[in-house]
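Next up, some structures in structure tokens.
What follows is subunit A paired twice: with subunit B in the first complex and subunit C in the second.
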Partner chain A sequence: MDTPSVNSHKLRQQYPQKHNHYKFSEFFQFNRVEGTIADWNGSRNILTSEDFIIGLLEGLEEEVGAASAAVMYSIGVEWGKQDSLFFDQWFEREYNTKPQQANLMFLLETWWWPFTAQGWGRWEIDMADRQQGFMFINLFDSAVARTLGDVGKPVCYLYAGLYAGFFTEMVRKQLSCIEIQCYSMGETYCKFLLGAKERIDAAAFWLNEGATATDIEKRLRSGDPL
Partner chain B sequence: MLSQLQTLVREVDGRYATDTELMFLQNYLQTARLRFSAYQKIQQAEKNIIQQVKKKLIALDPQLLRRGKVDLSAKWQRDTVRGLRFCAHALLVADEEGLEENFLLWFQSIMRSFKAQPSCNMTYKVMQDVVRQYITPQEAELFCPILAQARLLLGQ
Partner chain C sequence: MMIDPNMQHNQTPQQAKTVEIVSVSDFFEQINWYGKNLADADGLMLESAAYGTVGHFFSTFPWRGSTSTLPSDNVRTDSDSEVFSIEEDDTLTLEDLSALF
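And then the complex of A and B:
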């Protein structure tokens, strides 16, 4: 993610306190002379087609085979970590308060809104099990899964990495994430599990053994030994 | 209407618009006077509307604008003034679609993050009764569906 200048969005300069700025024509600023697109937070954006996403994933798979999933996850982790730092800056600038002082759910919703505006989908966080050290994220309309369609396996490794990277940076504790249900498996939405590595490894094992998202949720909530 | 105008400009590219495509403009012109009039009345009565809604909410459920010992009524008031203004604007320009895209979808996620759906649900329900005291039945026919839309999205 390129960040050319925090002042590059004219509407934001005019209305710095406007928080509901996620409408397409307001969130993005098209700089025709430079041929660039800046978003409200000054981040550089590019528009891509579904063909681009398919090309990226298939090209990567051709290059590295089965490791492409791990590569996409790692890209996501780095992206999430960097975005967490970027988010801290723009959140404080927009709300005149430090992220650590904000209501947690409000903070997370605010983090995800630019992603929604950019077409990454809407989300829903289930933090009921936070005290137990894990949480679920439901993602509606994943750009990756929507593009690939029903291929019978989870495909949103980039998102899993993004969540792992962002939350790791946010809570300053190493976290992992796995997609346990995907639109590309014929489900209506994608579901991610976020938590400590050993828990995510256990979920990956159960998933390989044929467990469903509901099975995994039940086993985690019942405190099944990992 | 603004969203529909944008669509019209995009769709009608190098040709004349059909009667069907212009229907929304006819509809708007037929209701424009009512919209202006209601908008001005709501603007003038904003303070009273908000106070009356607040009073009714507290009478219905004294805990609705509180979280334990914390009084949330000042925050509720800021949010509700903002909501009422956005709804009034949507009435003026006949743009429920824009209201949803510009404000309601974002505000819904914020209200959910503070678990404020019950107070939003009651607020926009009660507000539909309160505004009827300030605008004519014809004007209310245009405005109350907008408040109902806000209730639907923010209240759940």
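And then the complex of A and C:
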């Protein structure tokens, strides 16, 4: 992630205490002279087309075959870890509060808002099962799934890795994530399961055996042996 | 089928009386956006409350279903950022989440 400088966003310099800054014209700053796009937090952005996403995924698949899913997941994990460090900085700078002391839902929504502004989709966190050590993330308008369309299998490995990496860093526990329902399977939205590795491995096994997201949810809630 | 706008459709004299047509802009103008002089079911007059900010407006909502106070009781005069605390109270924090995994 390229983070040139927090001072590169002029509107931010003008209104440092403004929090509702996710309007397209406010969140992004287009520098025509340098040919760069910086967002409110000073992160460098690039615009890509759907063709780029298709090219990236298909090119990778051609190169490494079925391992492309694992590669995308690993890229996502690294991205999530890096982004958690970056988020730590800008959250504290903007709200004068350490992430560890903030209201969790507020913190997580604040983390995801830039992603929404960048076109990665909206999300919804389902923490109803947190006492059992797992949680669900519903993603609407996944950039990857929306681009690939209905291909009959989950495709959002990058997102799964992103969530795994981010939450691993934030909660200081090794977590994994799997997409158990995807827009590219004909569903209306994508659903991710986040939890400890053994639980995610079990979900992956059930998914390979043909279980649906609802089946997996039921088995997890009933405490099925992993 | 052609529809005659003057057709009366077997209306009785009471039904035939002119219906007041309200345009969309008229409709929105009728909404008491600023909450002034609203009377509730008990006939109580709510305090005139000009909502200076969105934060004030939402702070008047009985979010927890409490009916023991009038919405105007909750109106505060401080800024948006002070209406909502981002710091932990009785809610989850990252450390709580960490303990669950």
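The definition used in the following text is that the second predicted complex is superposed on the first by the 226 of 226 C-alpha atoms of A that agree within 3 Å, B and C clash if a C-alpha of one lies under 4 Å from a C-alpha of the other, contacts with A are read in each partner's own complex, and residues count from 1 in each chain.
Basically, a residue touches a chain if its C-beta (ideal position, glycine included) is under 8 Å from a C-beta of that chain, and two chains touch if they have at least 3 such contacts.
Because the structure is a prediction, the values reported are computed rather than measured.
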Greater subunit A contact set [subunit C / subunit B]: C
Partner chain in contact with A:Val171 - subunit B first, subunit C second, else both or neither: second
Touching partner for A:Arg130 - first (subunit B), second (subunit C), both, neither: second
Which of subunit B and subunit C A:Trp113 touches, first, second, both or neither: first
Subunit B versus subunit C as contact partner of A:Asn103, first or second or both or neither: both
Touching partner for A:Thr188 - first (subunit B), second (subunit C), both, neither: neither
Which superposed partner A:Tyr22 touches (first subunit B, second subunit C, both, neither): first
Partner chain(s) touched by A:Ser222 [first = subunit B, second = subunit C, both, neither]: neither
Residues of subunit A contacting subunit B in one complex and subunit C in the other: 19, 103, 105-106
Subunit B residues within the subunit A interface of the complex: 98, 101-103, 105-107, 109-110, 112-114
Sites on subunit A touched by subunit B in the complex: 19-20, 22-23, 26, 103, 105-106, 108-109, 113
Residues of subunit A touching subunit C in the complex: 17, 19, 95, 97, 99-107, 127, 130-131, 133, 170-173, 175, 195-196
Parts of subunit C lying in touch with subunit A, wherever the complex brings them together: 81, 85-89, 91-98, 100-101
